[in-house]
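A, B, C and D are the chain letters, set down in written order, and residue numbers restart from 1 in every chain.
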């Protein structure tokens, strides 16, 4: 589908649709449902230096139109990912975006250094925004100067372009975006989850063992759209948008807001075929909208391509 | 193979207080491998409830392409599910997980179920009997009004019932029945609330058995790490099992409860 | 209902249920449906010094499980409220919480000074968090020091206790709460709306004329619960909680989180009887939970009354 | 009085492409005061769609306690509404707003409707005819496939139809019909998309008339300030009208469109 092909730093995408980190594991499970080569890319589960078990269970809870998770970055560790997951994924013709996490700068740097050398990892996603990890995480994701520094350090060692994943739990998302842009980021991914909580009706206690968790799903889409709308007008980096995407229409809304590609998280749990379905639904929808290439839609809400569109007609 | 199918409702009946028996028909049934597998049910088409609900396959009939789910209408999703009418369709993902293994020579099995953990044991019991095993059952319920399937189990083998308030069978827990009746068995199989499974593992330590676990789930297929448990031999480490894809059935003693 | 009576600074509440500001006008319309004296209190629409028309329309948009609004503080102005609205409301036996808004410190102070002198206004709600007003608003709601100063100035002139309404659009809600506590606030109300946006599928443009708007409704409840949970453990002020409340169960969850009373906003639009219904549903629900007085539930999620409960049994 | 009632669906039919006619029965009907009032409909029980949908009362029958709504299934809410079956119930809040005033001596009225603005004019026309008025109608539609009720209007009085593509009646807009046919009238009544109303106000300047407006709504009863419009005599000021409670019908020229 020519109308869906997108070129972004490190990413030659057949289409702008990819599963979001943490919602697709390392692809094995969803490969039962369809050929992963159909995807634009895959954002794999956060990788930390050492294997992590993560938080105690319950780790998920449902909310109105959304869900909370507090997985706590469970993953097989850098070695496991390098030795088992990435080689397995190399059978597919699909770029891998490795989600890099840590507790301190050194962890991040080490994971980024090693994982960016993997053959099929064509971009990194710097996870400075995970709300479910006690140490470190919060400052990286909410203080512009700290985020900038981390971005710089990671950028230094990375062999592939670097996307930084922004947290929505901030007073000023534009400041964060500008900071990581100044730190050398090649792109942004946004948004990670909103910090939320549910309490059990009977006990009064938090449903999640971790108490608070990250809110994802359709409920958060308006917040993500607003943030991408604001950020895309203020920075020159491409944005991979996410938060509550369930349909091709949602994808279009993200492009209008300013995204250049999108990721689907929670919806995979509801419909394991959702990414494939969206990819198939996009071309007819674009035709209906009279659009030749999906990238024409990027930033339409604030008039990004307005003049050029006028010229070309 | 895991399939996602809009299955047809062949019947849907209330069989006890807030307990419903739902018979679904579709090709998904052809994929069922073993009793104890479960399905992930989407209730309604919208975003609320958003997540699928895991429900065990109570039994299935490969020839009719039907399977039976038995569930308690409790929270938002299951209460909505209980309103689905005959001949409507239900969005089902499955079969999921690994069920009870019923291989090996013919022996005596003790099946111990608690509450909504009872349903998968029914399919298991039928399978064991089919394979020539002797089966004994201990079913625990809160009270008589929420009890179900005692007679169906009774048709397959010796069946004890315990209720917390003594309104049906003996008063007390399934573990009390074991202490009292000391039933002979080679293998035990159990499904029920985690406190019951814990008590059983203690009581039946050293015995060969299998337990089926419950955990809150996201994906239901092993991708999201929502349903992870520590192993008993590495209680603090990073090794783990996923209830949805490695389980929900595990050898007794394997998983840290 | 003795089990529902609550005493808070300035507020002798028959029950802890009140309509949220901006979702109930000045009560006239809802008085067609039930006797307003049944309510715990009424939070009236924001009042500014001068009458305001507010933003252009469309001013509302629907989202998954929520809605966006950008009313822009339309109100008849201080004089109109003092002369027409408050006197009309005095026929009801219900305390009024006046929502005070402005563009600069002086406006706020003037409105607070005058409106707090009205006979039936027993508390003020300082609206430092309205996301739909271009001038001033944002800094008051997101910078602790600025919020503290405003609180001090308003507190100085107010003849009734002062509640400050916190914005959820901040990196650190506890810092904001502590700042207004230090500024002399008598209580908190939280949360105001999350900043969000929707784009039109056909045009690509924002649905709201104001572009962005405030997200309310069930979608935001987990965020509100989390913030009240965090804040109630860190400050000594009573909290009136709001965000997506639709049922008595939701009210209980807010109390568990740390609220001492609650307000219902968006749900009034869906069910004009919602406040009355919740008030009626609470006593049987409390009985089911085995609770004598609803205030026992405040902060149960983090164990506020744990020891005292143990002693009393 | 405004009431909130779960009204019974007596019939629900597709009468044109994506256009549905819904007949509801209930006591709410007893409260209807004038044609042009509307109701606020909750679709489904859940939180998505969350808000009610404003729909005009197309006509009502006080004796049968029925009212007819005609709506276009377009977005999430109305598409879901179109799936409601006979004898199900629909949650309706109303009647809301002030309708068309039909007082005064018998005269000639020109009713001009566009698209889904046509429905409330039907009840109005019936009422006018009942009161002895002469009625003329101009109905504008996108094309024939989405047109409806031409014959019903035809039974009440002279009826012109215009479609944008000329597939039914004359090709063009309702304003073209007025330019060409120059119908005589004492009062005009109009409901339709805002651009049409704007054009009409210009074309019929100085004529006595009433128009019915649409605006996005929250509460529907005047409490939330979602649906506010400036007045034409104070276009920048703080005076205003609320479409839901002061309207949706206003004298032509009163409101800034």
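One rule holds in what follows: a residue touches a chain if its C-beta (ideal position, glycine included) is under 8 Å from a C-beta of that chain, and two chains touch if they have at least 3 such contacts.
Being a predicted model, the structure only gives us computed values, none of them experimental.
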When I count C-beta pairs in contact, which pair ends up with more: B-C or A-B?
A-B
Separation of mean Cα positions, chain D and chain A [Å, integer]
46
When the centre of a chain is set as the mean of its C-alpha atoms, what distance in Å lies between chain A and chain B?
36
Report, in whole Å, the distance between the mean C-alpha point of chain A and the mean C-alpha point of chain C.
34
Multi-chain contacts in chain B, i.e. residues touching at least two other chains, fall at 47-48
Residues of chain C that contact two or more other chains, please.
63-66, 218-219
Which label fits the chain touch graph of this model best, line, ring, star, complete or other?
complete
Can you tell me which positions in chain C touch chain D when the two form their complex?
22-25, 28-30, 32-33, 45, 50-54, 57-67, 69, 71, 74, 76-77, 217-219, 246, 266, 268-273
Help me check something: in the complex, which residues belonging to chain B touch chain A?
1-2, 4, 42, 47-52, 76, 93, 215-230, 237-238, 240, 245
In their shared complex, chain B is touched by residues of chain D numbered 44, 46-48
Residues of chain A touching chain C in their complex?
63-66, 68, 142, 169-172, 194-199, 201-202, 204-206, 211-212, 215, 218-223, 225-226, 229, 244, 249, 252-253, 256-257, 289, 297, 300-301
For the complex, which residues does chain C have touching chain B?
64-65, 218
